[in-house]
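Labels run A, B, C, D, E and F following the written order; every chain starts at residue 1.
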Amino acid sequence: MRPSGRAPDQLREIVLETDVSMHAEGSCLAKFGDTHVLCTASLIESVPPWLRNSGRGWVTAEYGMLPRATTSRSEREAARGKQSGRTLEIQRLIGRSLRAVTDLTGFGERQIKLDCDVIQADGGTRTAAITGAYVALYLCFQHMHRFGAVKRIPLREEVAGVSCGLYEGTAVLDLDYAEDSSAQADANFVLTAGGGIVEVQATAEQDPFTRAQYDLLLELAEAGVRQLVGHQRRALGLA
Amino acid sequence: MRPSGRAPDQLREIVLETDVSMHAEGSCLAKFGDTHVLCTASLIESVPPWLRNSGRGWVTAEYGMLPRATTSRSEREAARGKQSGRTLEIQRLIGRSLRAVTDLTGFGERQIKLDCDVIQADGGTRTAAITGAYVALYLCFQHMHRFGAVKRIPLREEVAGVSCGLYEGTAVLDLDYAEDSSAQADANFVLTAGGGIVEVQATAEQDPFTRAQYDLLLELAEAGVRQLVGHQRRALGLA
Amino acid sequence: MRPSGRAPDQLREIVLETDVSMHAEGSCLAKFGDTHVLCTASLIESVPPWLRNSGRGWVTAEYGMLPRATTSRSEREAARGKQSGRTLEIQRLIGRSLRAVTDLTGFGERQIKLDCDVIQADGGTRTAAITGAYVALYLCFQHMHRFGAVKRIPLREEVAGVSCGLYEGTAVLDLDYAEDSSAQADANFVLTAGGGIVEVQATAEQDPFTRAQYDLLLELAEAGVRQLVGHQRRALGLA
Amino acid sequence: MRPSGRAPDQLREIVLETDVSMHAEGSCLAKFGDTHVLCTASLIESVPPWLRNSGRGWVTAEYGMLPRATTSRSEREAARGKQSGRTLEIQRLIGRSLRAVTDLTGFGERQIKLDCDVIQADGGTRTAAITGAYVALYLCFQHMHRFGAVKRIPLREEVAGVSCGLYEGTAVLDLDYAEDSSAQADANFVLTAGGGIVEVQATAEQDPFTRAQYDLLLELAEAGVRQLVGHQRRALGLA
Amino acid sequence: MRPSGRAPDQLREIVLETDVSMHAEGSCLAKFGDTHVLCTASLIESVPPWLRNSGRGWVTAEYGMLPRATTSRSEREAARGKQSGRTLEIQRLIGRSLRAVTDLTGFGERQIKLDCDVIQADGGTRTAAITGAYVALYLCFQHMHRFGAVKRIPLREEVAGVSCGLYEGTAVLDLDYAEDSSAQADANFVLTAGGGIVEVQATAEQDPFTRAQYDLLLELAEAGVRQLVGHQRRALGLA
Amino acid sequence: MRPSGRAPDQLREIVLETDVSMHAEGSCLAKFGDTHVLCTASLIESVPPWLRNSGRGWVTAEYGMLPRATTSRSEREAARGKQSGRTLEIQRLIGRSLRAVTDLTGFGERQIKLDCDVIQADGGTRTAAITGAYVALYLCFQHMHRFGAVKRIPLREEVAGVSCGLYEGTAVLDLDYAEDSSAQADANFVLTAGGGIVEVQATAEQDPFTRAQYDLLLELAEAGVRQLVGHQRRALGLA
């Protein structure tokens, strides 16, 4: 029995609220239950030095967590003077995930910066961030399209992330904090609408897990991402 | 004529939404028009070293702005590795303002940390932060009271902040970004319910301003704070 | 009775010693009693990036305190690896104060950097810094004038700073450390020779202060700045 | 055809040289072809604060690369003043991988720090580091056993890491730099002697990869790790 | 011919002004011509962790240069966020030099911090700092003696520093900036009153120098330090 | 009697192993007994800003120590976020020493970066680094010569470093850690093949040392460097 009473293959309530920022070119507040991540896409009219004169654009991400997004207050990274290894690891993951579905030759020498800020955390912040960032990125491209900056949305297919894990011996989908903190294994999957694998990060917290367990987690993730892609399409008015 | 069409002595629409964080002991989302600041109060069961064994508590604040809270994206302070002078100045102001109305001997050797994070900015973020932080602090003390940690709420009176300035020669209340960016003078006032002056920060952007102009600004602020205190009381169910 | 035996409206002994640095284009050692601040003006033949090709110059300030300028040794900011919030706040204040009286279009695309280093501290270092920095800046422009770099001194009027506060219930001018550390309220005023208000920073240390008290402080400051401007003029040989 | 002429399922030449440091309690120079990683295990007679009085020990890792370990010189992280996200990500991975096979209750309140420094890089530094760090850790425990600090070696089974990827459409084992820099997908597997999965980090560099491709990579890794475990046992004189 | 017209073995005008700081336990403004270094000695009633319960004290130094102490303004180290290699090298040298003549068992578990801040630089700042720091340290011990904290001044003999170099082929004493910047070799000697060698730092700027040249420099330094010790004794009223 | 049983004027076993890095343009593993320093020379096709359009090149060095190069593990400087004063001092010394024998006008506007990383430490790391860096630099120039980038090797003569000290009252050559940690005085000499003095850094650890002692140390160093130059020539196949 899961603490939340959910079935093993049941996502939390998913809400993808669009256009939540008056300034950003694209934005989405992604809610996976009590995990709330504000994702904004900012269009920047220049690229990093190593892409100048390449004709290609870039998509990158930054991740942060408000100090009291968590059960007990965590130190503010700006005050501490550096981002933690966990933060850097997550923002690199978000950036790679989005670039995997973006046609980087399709929007000129521009950069889109995805800021994913966790307003409230209850497990699964990185997968909510990826799922919401896709929506913000799409909206940013739509904005650019309206002004003629791109001819078509340079995204090949949807991408979304979800976590799975072994909780009291059972494979479960979309762990919340109560589950995550006592799971034996924790795996984050980033998959595309077409079922392609973009990123896998699986970690055995205590004992190693078996190939069979691992396959179960991947199957849960595939089903979960199909639902998340449905949410993305509805949020964008595409379904 | 103000860009927003407001009268010179008219505040923006003020919303003080309480209990917006599932984790914080007290929280308030303060909206001054399109300026939205999330204020959380976190109870910490220890004090800074210099207060140990003093029997006194401490109230302090941290301030941050999401990178895309602003018209064009600003650099993330955590990525940059340090907080700007502006950020440090504002968070010191918030802390002093709240301490000025708190009985620091009234809640034991504990610390309350007020995190004020700007979700969206349209001018006047520091004054919205102070106004919302008061509400979050009150709710935190109320929470402590329910659990018997304090006998009474150790706050002497309400405190709120508002900005005033000279815009096209006229003294106006509660500047938004359009006004702020072209004002000749900008003054932030932190006043109490009883009309006491807690903090004044006035800056002539171009020409110095006169004593008469300055007095006008202070009078606008006094009227504005009276209204803000009304909003605080209603948000807390005290009026 | 003030600890120093001064009358409530009496400044400390003021000395503005000019040309104290063999290298700087302008320099002034400002002494407000035992508070000694070395102010140097350095001419830099370039402007910050955001002013390039604007035809305008820039005036900015940095502030520091020698580790043993204070009663007990304070940590060296260079060793600590960052400037404190207090330091950043003060140097921003000095820069804004001097820019308020400078014609930034009057000396080409150049920058003048004012370094204000506290050699010995006894309260009121920021106001001594502003008062001395004006003299150093004037001398720097005079130096530029001699070499034909400016046609006239691009300063509109004198600017000076002074602190006032409530000490044992009485409004007093130019607080020294003994007064400052036990004052109920502390206000720094930056005013021009013509009585214009450039900056006000007022802080109630404990109880809020009243409008009437506040007005008294401002009046003391107006009288104090008139005397400081006299000292500036004499130091510059203009009176 | 692989640039090195290896078969798709062929490891590079593996050398695990032991006791290469005169100071460290355990050490191993792990060579995967031209990738050389010096792994040292340092015994520290204390634990991090959050483990004090828990009766448990800790194993952690740090990773670094000499500036000219790479084709073109990379900046020294110590000179730059911070470790990159990549470095932090890798050292967290190494630490988790080793903890997954260590009985943390089996060596008292002590800490073992694994330093993995890349002397020369040619792809696959993190997997060589994990494979070598296991050997250094074993030797450190053996050293502690000789002095009676532990009754038995508190390691449950061997752990080793290997990378796999899709190179010109073919699944290949143990990528070198020439392959890695043009692979379509890159996956790092950390597996135990018994076939348990400890960590998976898979990244599609361009197009997402399919479930079938992913399964092929995992099978290559399983065969590769079996061979690496054999090398570990021989290096330790256990086979 | 030296730019200053001095004889090869002639020091600049030396002034050691004592008790220049109202707060420090000992202080000396050391002037070697136009090089002015403010040296303060601060008594701290604790020692670094590694000396606790050793019965020994510690003497250490910090060095800094005001931004406009130099011909062209140099960046403020506190603003830059770190001390340069040159600064660290110099302050380590000052600390070692003073410890070499101090009986560290003679003043209890206390620390004396010597702050040497260059107010104006014209070459030879490190040697002026050492010479002045000795005087400040002596005065600090004298202060401690008056209050009974030490029975006798725990200094074995005077120590002073002086630079020598090869300028246009001639060995000269106490280089000023004009000489230093074009010298072929530059050597700093720290010697005691009794002629003992405490520190030598010699650097050939272009061509290596010969043993004979080196011996000449050392002889000049010996004569120079004898004079500097005379200045120290007169400044302290001991001669 | 020295702990190692060596005669007072006897070097440790010296090994200068060349071409130890597959990537670097020149490399040398310098072993002075158990002190092992990996020196690589990296050719960079640009110069620092202040040398642009000067027609001159630059040689500079960086120094590091692996955390477990030492008896007890030392903190990783990259993790700590800054290089120590000792590190900065040593790398500045290495750079100056090599520049003293290099014709900076002889290899165009290029930079050669010498990385000296201590793999294992047993005293005398800086002198081993200088001795090995010379060999790496020579090999780098030889590499450039093969490709026609220089017409001749722009090195005037060999340079090498060695430490000397007073150990139990006797002057000894090439101190190992056991001697170094209890020596009364420690001096590092950098000399050329022709006997020229490039750098001297001498420090009295406790009592000052005499002129006669100092002269003995220099003579030991001269004999030691002659042998080291022989090793350099043999390693480079020049003798």
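Note that in this section a residue touches a chain if its C-beta (ideal position, glycine included) is under 8 Å from a C-beta of that chain, and two chains touch if they have at least 3 such contacts.
This is a predicted model, so every value here is computed, not measured.
Peer 1: Compute the shortest path length in steps from chain C to chain D over the network of touching chains.
Peer 2: 3
Peer 1: In this assembly, which chains make contact with chain D and also with chain F?
Peer 2: Where chain D and chain F might share a partner, there is none at all.
Peer 1: Look at both sides of the chain C and chain E contact and report whether the same residue positions are involved, with over half shared, or different ones.
Peer 2: Answer same: the two copies use largely identical residue numbers here.
Peer 1: Using only Cα atoms, superpose chain A on chain E and state the rotation angle in degrees, rounded to the nearest 5.
Peer 2: 180
Peer 1: Look at all chain centres (mean of CA atoms) and spot the one farthest from the centre of chain E.
Peer 2: Of all the other chains, the one whose centre lies farthest from chain E is A.
Peer 1: Can you work out the whole-Å distance between the CA centroids of chain B and chain E?
Peer 2: 51
Peer 1: Identify all positions of chain C at which a residue touches two or more other chains, and write them in rising order.
Peer 2: In chain C, residues 81-82 touch at least two other chains, as defined above.
Peer 1: By the touch definition, the chains form a closed loop. What is the full order round it when you set off from chain B toward chain C?
Peer 2: Order of chains in the ring, chain B then chain C onward: B, C, E, F, D, A.
Peer 1: Going by the contact rule set out above, which residues of chain B touch chain A in the complex?
Peer 2: 21-24, 27, 34, 38, 40, 42, 44, 62, 64, 66-73, 76-83, 87, 113, 115, 117, 119-120, 122
Peer 1: Which part of chain E faces chain F closely enough to touch in the complex?
Peer 2: Spelled out, the residues of chain E in touch with chain F are 82, 84-86, 88-89, 91-92, 96, 100-101, 187, 191-192, 194-204, 206-211, 214, 218.
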